[in-house]
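Have a look at these structures, which come just after this line.
Two complexes come next, and they have one chain in common, chain A, joined by chain B in the first and chain C in the second.
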Partner chain A sequence: MAQKQQDQELLQYESRIKVPYTWSVGEVGSRFLMELKENRKIWATRCPSCDMVFVPPKKTCTYCFSDIHEWVEVKDEGVLQTFTVVRYETPLIPGKPPYIIGIIMLDGADTGLVHLIAGVPHDKVKVGMRVKAVFEEKRKGHILDINHFKPI
Partner chain B sequence: MNGVEDITIIGVGQTAIEREKPADTFADMAYEAVTKALDDAGMSIDDIDNIVTTSNDFWDGRTISSMAVNDAVGAGLGKNITTVEGDGTFSAFYGMCRILSGSYKNSLIVTHVKGSISDNIHITNGIFDPIYMRPIGLDSLNTAALQMRRYMAKYGISEEQCAKVSVKNHANALKNPYAQIKKTFTLEDVMDSRLIADPLKLLDCSPISDGAAAVIISGEESAKKHKNAVKVRGVGYCADAYFLGDRDLADANALDMAASRAYESAEIVDPLSEIDVAEVYDAFSYMELMWYEGLGFCAPGGGGKLIDRGVTEMDGKLPVNPSGGLLSGHPVITGGLIRLIEACLQVRGDAGDHQVKGVKTALAHGVNGACGQSHCVWIVGR
Partner chain C sequence: MAKEKTAIVATGQTHHRSSRLDVNGIELIHEAVTRCLEDGELTIDDIDAVVIGNMDHFEGINYVDTWSIDGSGAFMKPIIKVTTGGTTGSTVGHCGYHLVASGMFDKVLAIGWEKNSESDTTAAITTAFDPIWDRLVFAGAISGLAVEAMAYMVKYGATEKDAARVAVRDRKHATNNPYAQLRKEVSIEDVMNSPMLSDPIKLLDVCPRTDGACAVVFASEQYAEKICDRPAWIHGISAKHPYNYLGDYDWEDRLPSMQMASKELYAKAGIKEPLKEIDVMELYLPYSCAGLSWIEALGLCGPGQAPKLLWDGVTDMGGELPINPSGGVIATNCIGATALLRISEAAVQVMGRGGKRQVPDVNTALASGFGGCFWSDVTLLKSTKPK
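This part shows the complex of A and B:
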């Protein structure tokens, strides 16, 4: 690919960067994801100092830096705090646009879970709507073992 | 050397912000900004005793990208050069701290980015946690949309109020020779522009841009009498939670804290009355309204009314983004440093056609991270 500026050809090169990574999920994250896979349950951690309940679970409290060891189950349904209807196509999301992303405050949790919203026309989604997790039939220990949240 | 009261900004330089600069390498852009800043300060590279370069490896497409421009920024052989990955306001903060350490006298801060050369959706997806957030397809656009909706829902802010920011800043950009987009847009143009991710529309979003910028910060006693001397009166820096669900996206708590620190140092009690002009990080229209609140120009939720009342227009009580802001050109990384440069030019009276009259105190604001995760606030003045 070349462009011309005055008499000089301007060259450009295409990148060939493609670097594989293997990320450790960690003990806490692995337990959370395996509960999704094995039991279709959503587990959180609770800070012993400030009582905040984290989903996804944290090993260290965001708010007070305490070590967290206590696990609590939260419900697989909650309240939609915000959402967007994404209109552009991206290979990063399965399916065609428009698709909906939301932040859900699950019952029993103090932090929001970012996830996909589906099973509703995009002009019917509302902040404050109650939604429930729809699990994949075949689960592999991944955040997308919850396929999406649907309004109830 | 005691504190920020001994710090002076004496040179600034920026390239034109453009959609793409196919004729320029990263080094070409950095060199242009650096030589402009040196010329502005009336200095040679020999007067600089340390350099802070700033870039992002994902945007550049190479690792340790900040070290790859060392020849173009005059680091030569043996000069102390260090790097920051983040917004330019943070590297300026670091450059200032190096002087305050007592080890250096003159810091050269350089930032560069090319948004044009890769895929912004992929790059900004890389901001997020790979286990829980990336698989959802998050990127800078759709997370901004989540924040905009949350902000509107919590405080009753309207899409029109957000759109007014875009109208104002684009109008201001007509008078800034460095701006990328110089075009007048009406409220209807913004409201009718293509939906990107509801409620974000195309003209609520800053464009993809290339650009570089540089500033020279001095701790020399003689710098206080330099023809360009702009005094640093206060700087504050604060970061919020990384996970989006760990904070209420409607509130700019980290900015509130960063601003409070800067105001305390600058002895500012009522920012709306005491600051004459502000350059803030308007990556998206709604953000400018949120930043009004975080900066204490109004109470939380008051950003919509502030723009309705015209307070932040060029002829208002506190003009915000007379340069046209990022909505008129957004080289990431460089974005905040340009805000600082513009604030300095306003204090000097050198802002040209977009000069605000009688500026004694100016505010510059930089952001790094998704949905305004971290903020740096500078108060500069005569």
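This part shows the complex of A and C:
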């Protein structure tokens, strides 16, 4: 978009920064993702001091700063805490709008999991409905090894 | 504890626009700084230290502190850059306050700025989310706000129309502010009929993208009243930056970080009934529904009662507690400057320099900042010196 000020052309310089990254998942997160991949199971960590159960798992408790070593399995189903139907397009997300993003409180967990909701008409999604993980057949140790959550 | 009583003694801002191709980032900063120095009848030689902030990745410049010295005037002065996402501007303000209140410096220039037009805002904001757990399914700012609005509306029975009332108020107020970007009124129908972006948020419920900058001078007691006949004294600040993964947020409640921050601030400042005791608020409300649930978090009314407050006009100009006389964030959002603009506008109200947007007889003003994964900053300013 060109702007002009009196007779002066105002220029813009187009460029792009494209930087590859490789992010370390860490041993705690890696164990969680490998359980998704190999056993289709969702594991969490539990704080020894305040009993908070974290999904995704944490090595340190957000609330009391304790080191966490204990693992507990949580269910692959739970309650949809809240959601939105995304209707705008962005190249950053796999899939075309409209699609549904939800926050799911899995049975046995104390923190929500951010994920996609599918397999349901958009006007039938409700806060409080129960949903279950749908796993990919081919899994690679990635949060999208769960393709989405579907209502049950 | 503060060693030095500290006040805001001068403010300046640009005339905000969706894009300012006539200036680069440095020159944009310079406009706000120059206007701020003029407001305090100061020169750059009066400034002891500078704090500056903007959003990471928005302009793609790393060392903004040194890169910008022709704009900030920090050549051969102490300068630090701070950035905390949406709260960058309030963090910049709080750092300016800390540097003076600690007794380290007497006059500190705090600057927030953004050239939103220079990059893809959604892409840049996405870098604020955890790359492994949140980023792949939760890009950008709108979906996070949308799930919050959804949870509030379902739990408390508020409607999209109630939320629209907030946008209508802020856009109306913006017509009084010569610096605001969007200075055209909108109606409830306009908001309701605007395109749905991410349920329940529509285009006219959310803030625009803005090129703009803001600058503020904090001064110690020794200088404050010499520079300004009615300084805006800082009576307390509070910052609560609690969560890291989006799923950790308490969706059932209303902005817990704001509840904690305001409670702490009111205790520090001895405020028991904020609705009665505070004369004006400048709140970082990036989308309309925040103007409902977050004022409940601020203790202005009980859970689910905000819509009534809005429809009764309590928060309009002329109401018991006007919110966002400037038009707020829905009218102007140069992100790194946005939360500093809230502090600056609150100071302008205390100083009585608001022109058409001035609320009469302001003695106490509150400013808030909001960031990324639901964290909050608050600042309380008064016309009287702290004890």
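The definition used in the following text is that the second predicted complex is superposed on the first by the 150 of 152 C-alpha atoms of A that agree within 3 Å, B and C clash if a C-alpha of one lies under 4 Å from a C-alpha of the other, contacts with A are read in each partner's own complex, and residues count from 1 in each chain.
Here, a contact is a pair of C-beta atoms (placed from the backbone, for glycine too) under 8 Å apart; a residue touches a chain by one contact, two chains touch by 3 or more.
Note that the structure is predicted; figures quoted are calculated from it, not measured.
Enquirer: Going by the contact rule set out at the top, does A:88 touch chain B (first), chain C (second), both, or neither?
Expert: both
Enquirer: According to the stated criteria, A:80 is in contact with first (chain B), second (chain C), both, or neither; which is it?
Expert: Neither partner.
Enquirer: Tell me the contact category for A:103 with respect to chain B and chain C: first, second, both or neither.
Expert: It touches chain B and chain C both.
Enquirer: Hey, what residues of chain A end up touching chain B and chain C alike?
Expert: 3, 5, 10, 12, 15, 17, 21, 23, 25, 29, 54-56, 62, 81-88, 90, 92-93, 101-103, 111-116, 127-128, 143-144.
Enquirer: Report the residues of chain A in contact with chain B in the complex, numbered from low to high.
Expert: 3, 5, 10, 12, 15, 17, 21, 23, 25, 29, 33, 54-56, 62, 81-88, 90, 92-93, 99, 101-103, 111-116, 122, 127-128, 142-144
Enquirer: Taking the touch rule as given, give the residues of chain C at its contact with chain A in the complex, in rising order.
Expert: So the residues of chain C in touch with chain A come to 19, 21-22, 60, 122-123, 126, 131-140, 142-143, 146-148, 150-151, 154, 195-201, 242-249, 251-252.
Enquirer: Per the contact definition, I'd like the list of chain A residues that touch chain C in the complex.
Expert: 1, 3, 5, 10-12, 15, 17, 21, 23, 25, 29, 54-56, 62, 81-88, 90, 92-94, 101-103, 111-116, 127-128, 143-144
Enquirer: Please output the residues of chain B touching chain A within their complex, sorted ascending.
Expert: 22-23, 61, 118, 121-122, 125, 130-139, 141-142, 145-147, 149-150, 153, 194-200, 241, 243-246, 249
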